[in-house]
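Listed next: structures, encoded as structure tokens.
The following pair of complexes shares a single chain, chain A, combined with chain B in the former and chain C in the latter.
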Partner chain A sequence: MSSERTRDFGRYVAAADDDVIICRCEEVAKGEIRRAVRDGLFTVHEVRRLLRCGMGLCQGNTCARLVRGIIARELGVAADSLVEATGRAPARPLEMRVFAREQGL
Partner chain B sequence: MTDTFDVIIIGAGVIGNATAYYLARRGLKVAVLEKSDHIGGGASARNGGGVRQSGRHPAELPLAMYGVKNLWPNLSAELDLDVEYYRAGNLRLGKTGAHLDILAQLVQSAEAGGLDMRLIGAVEARGICPGLAEEVIGAGWCPSDGHANPLLVTLGYYRAARRLGARFISGAEVVELRKIRGRVAEVVTAEGEIRSAGRVVVAAGYESRKILSSVGLDVPMHPLQVECLVTEEAPPMFCQMLGTAMADFYGHQSRHGSFVFGGSHGYEAHAFYGQPLGTSIAASSVCRAIIGYLPALREIKIVRVWAGWLDECADHIPVIDNPAETPGLTVACGFSGHGFGIAPVVGILLAALATEETPVLDLSAFRYDRFRAQV
Partner chain C sequence: MTRYDLIVIGAGPAGLSAAAEAAGAGLRVAVFDENAKPGGQLFKQIHKFFGAKEHKAKIRGVKIGAELLAEAEKRGAEVFLNSPVAGLYKEREILVRRGEGVGHYKGDAIIVATGAQENMPAFAGWTLPGVMGAGAAQTLMHLHRVKPGKRVLMLGSGNVGLVVGFQLRQAGCELAAVLDAAPRIGGYGVHAAKLARTGVPFYLSHSIVRAWGTDKVTGVVAGEVDGGWNFIPGREKQFEVDTVCIAAGLAPATQLLKMAGCAMRAAGADWLPVCSAVGETSLPGVYAAGDVSGIEEASSAMIEGRLAGGAAARKLGFIGPDEYEERRQVLLAALASLREGMFAPQKRGQISAQTDEGIDLSQTLLRKGYLEEGEVGKYPGVKPAAGIHPVIECTQNIPCNPCRDACPQGCIKVTGGIAALPEYDDRAGCAGCGLCVAVCPGQAIFLLNEDAGDGLAEVTAPYEFLPLPQKGELGAALARSGEKLCPAEVVRVKLAPAFDRTALVTFRVPRDFAMRARFWQKEAAA
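So, the complex of A and B:
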């Protein structure tokens, strides 16, 4: 479904927990995510590309649901209406020398 | 009543967003339609971030040089977002005499275009980037090349254009362009919505082809898969963009401390077009190449690999043109994997084409009608 990206969110009201760290790997706070949504970043992919939340060592295993929930609340939609960020290989961080051994298709 | 705009841009990648920004800055009423649910989710967010002039096609070199001189240095201030632009040089490495021959040709081509690039020896190369393997015997060195963060540039242009009033609509797949009295004037989406514009700009990567076919245009290009990887963060090791004569890998260390590398495995042209899923061999092939040039990175951990599609044009340079047979239409596609580094200047050029002004650079090499039968 198409999504109009120009939207009136009203004035930003600071929340008491805006300073809470949501993504521990990359140290992204809740307020940063809320502001990004108001700046037009409406999907989990967009927010993580701007702020790096979910892009650190744990690849969002800790914060993915929290980030999605914050975006959904800011947009006023159900969290499960937002697509989760794409999981990517490797499942766990892996040394280059290990990767380098694989030869075939 | 249909929505009416001065300009409708199709594709919210870095080219479309930059064009929207420069048009909105002129006060024009702009809309950007994006097929995906995500802004900048295609090649714009999946490339290696090179801001490179060296190794460019001679026709593209003036665009790349204009951007590095006039646009990249101020881009962070302009977009109110630090896009992590480094103008720290590009080292293109060689290990054999044959490699040095390739590099010498690149240097010759750069010099012909007025770009400062030269061949340097192993000692000087190691002085610039201390971690290089002992097998490296020389390098091509272009001091004014660099890199930036493609995610931030793409979203930065989006955010800035949106703040200036450009309207973005995601999840809006354009299925047809319509002419009115011979002029491209309407854009139809899969949901059946029709929007009117004085000018339509198609900047949709490979998908441009399907859209352009609705008004009888075709650009000879094919989708090509490219894969990249990113490592865990590490202390600063080098700030240059690195590549090789054989182009088996390229990459840089980001502001974050992670290394972003891309490269090839030889089967790219045969990849199954569709979702940008990576192959099982790409990261391995790239890792072998990296370790061969930067042995210290053997133990660093990869945290993520990804793939993307680029729009490879038959002659490896884009189409940037107002085709004569389709008044009202501007075409920008076929960037062939070199689009990110020239995106800001292309945005300015497209803004000029869209307003029918004379662009600041000659675009005759990028005309739509340049393709001739080859047999």
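So, the complex of A and C:
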């Protein structure tokens, strides 16, 4: 996508379903994602870092595909051309007190 | 750091099978699962499985799960529950929550059998309480014994939507409708027919526009979609429901594989690990088995698990090359037979117009969930005969053959592959035992006696609702479409141990209705 950095995808135009929540954990609405893409964030990584969609309790298990689809539609590309966000530990929610208590090292 | 020969992540059908296979070869095996109960989705599958004997066909998923768990534990595999795996690293190390801390474990081989997660469509109101995945509804019903709601709308007509829809009916919920944005029912026709004959309407090319409600969902606006998946203005329908179940497909739960650095490939909307025939990923000694390597049925997942478990045993030197190869060929053949027929994973997205036998598929079955009376006779399982005889309404090529093995008279033939349509051979002479009716996982076989005297016919149908009807009870005979045909008296209710809790209900209808009546409905109490 980097070669398309300067491509103009047009300005954000409000849509009727912009207030539909996409990332339930972090309460990110569809319109916020659409606006972020129009503001120049063309990858799942960038959108995730700006809006935190996919960084909540479920780690994107519910919304990753939805977010990818919305970004792809705004850019007019196929969803599978967008690289998924990097998976990192912990893949499951762990409280910090649990994470810090390592056993049997 | 604790070390095992093999670490299996996920105690579902694939994981438990992998553990049983490897532990049987002498490996020290640990299985980690995040849930409080083992079995993955198996313990929520109360229906009888499709396939052949070698695939545990006609046995209910919950029983297969219990047997698999017992096998794995008996062979010495340790199963750790409430133990979510939070990290997988390419050195074959995992990070697991154990109680109030985290543990590190290393395996000489790792099998990732983390299954799948449900896809969620986002529509206005999808975050309201009462909107849930079909899997959540199953968990409520079968693990917690809680009815998800009174009146449910199901979005999705794949096997998950159809099977869970039927289970909702069994739990006593009303099913307002099954919707699917696709123009055809995605799951097995026999599963759809089970629902349609109880009166559940199907709306294909329909999806949810929005759900409404304040504290919880109280209704849904659905709309018809065109070929480009856009809603057609003016074609909305309203459903008053307190529950919406979403069965919009599954996505492989590949997070751990990606984290470890396994090579992935795009497959449609999913990313799948690049795997060998036995499930080895691009990381040596790290395997993927079951839905995480591509969505299929639990029966396939169990074989994939055994393949990966055996491959790990071979890699670590626990079994010799000849023993391994022999076992591998048996398992690969079993897997190949499950991948026969029109629902095979390699045929996904293709549309068949005819069966392998060259018979036109029923378009009514694909759009409304039932066969038209006039077209039933086209299929080889349906032949007119005098006296009592089976009517096998099996019209799609599904890898399944318990009916053939069940018939003590040898009346039912499934020839030319496991996915061939069953054929009724009237020369052998049906004894009316009803075993075929009870074992058919699709509940697609009926016994008919068109001359029961007094101008009446007797129809025997599989029945899996409680309470069972009583002999002499008056109810209504319903057509395949769920249309009420006539009053019908129950003349027999048979429940033998070999039926495994599928009752055979025989009811009497006027002879003209013999080829139409396919369900007996209890009359609502006045």
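Just a few scattered comments:
Just so we're on the same page, the second predicted complex is superposed on the first by the 91 of 105 C-alpha atoms of A that agree within 3 Å, B and C clash if a C-alpha of one lies under 4 Å from a C-alpha of the other, contacts with A are read in each partner's own complex, and residues count from 1 in each chain.
Rule of thumb we're sticking to: contacts are C-beta pairs under 8 Å (C-beta built on N, C-alpha and C of every residue); 3 or more make two chains touch, one makes a residue touch a chain.
Note that the coordinates shown come from a computational prediction; the quantities given were computed from them, not determined experimentally.
By the touch criterion defined above, A:41 lies against chain B but remains apart from chain C after alignment on the C-alpha atoms of chain A. In the superposed model, A:57 lies in contact with chain B only, and not with chain C.
In the superposition on chain A, A:96 contacts chain B only, with no contact to chain C.
Of the two partner chains placed around the shared chain by superposition, neither chain B nor chain C is touched by A:8. Once the two complexes are overlaid on the shared chain, A:104 sits against chain B and chain C alike.
In the superposition on chain A, contact of A:88 is made with both chain B and chain C. Touched by chain B in one complex and by chain C in the other are residues 59, 88-90, 94, 97, 99, 101-105 of chain A.
On the side of chain A, the complex with chain B involves touching residues 1-6, 39-43, 45-46, 49-50, 52, 55-57, 59, 83, 88-90, 93-97, 99-105. Residues 37-41, 45, 151-152, 154-155, 158-159, 162-163, 165, 167-172, 189, 191, 193, 231-232, 256, 267, 278-281, 283-284, 287-288, 290-291, 297-306 of chain B touch chain A in their complex.
Looking at the complex, you find that chain A touches chain C at residues 17, 19-22, 24, 30, 59, 61-63, 65-66, 79-80, 84, 86-92, 94, 97-99, 101-105. Listed in rising order, the residues of chain C touching chain A in the complex are 1-2, 34, 84-88, 95, 97-98, 100-104, 117, 119-124, 126-127, 251, 253, 255-256, 258-259, 266, 268-269, 271.
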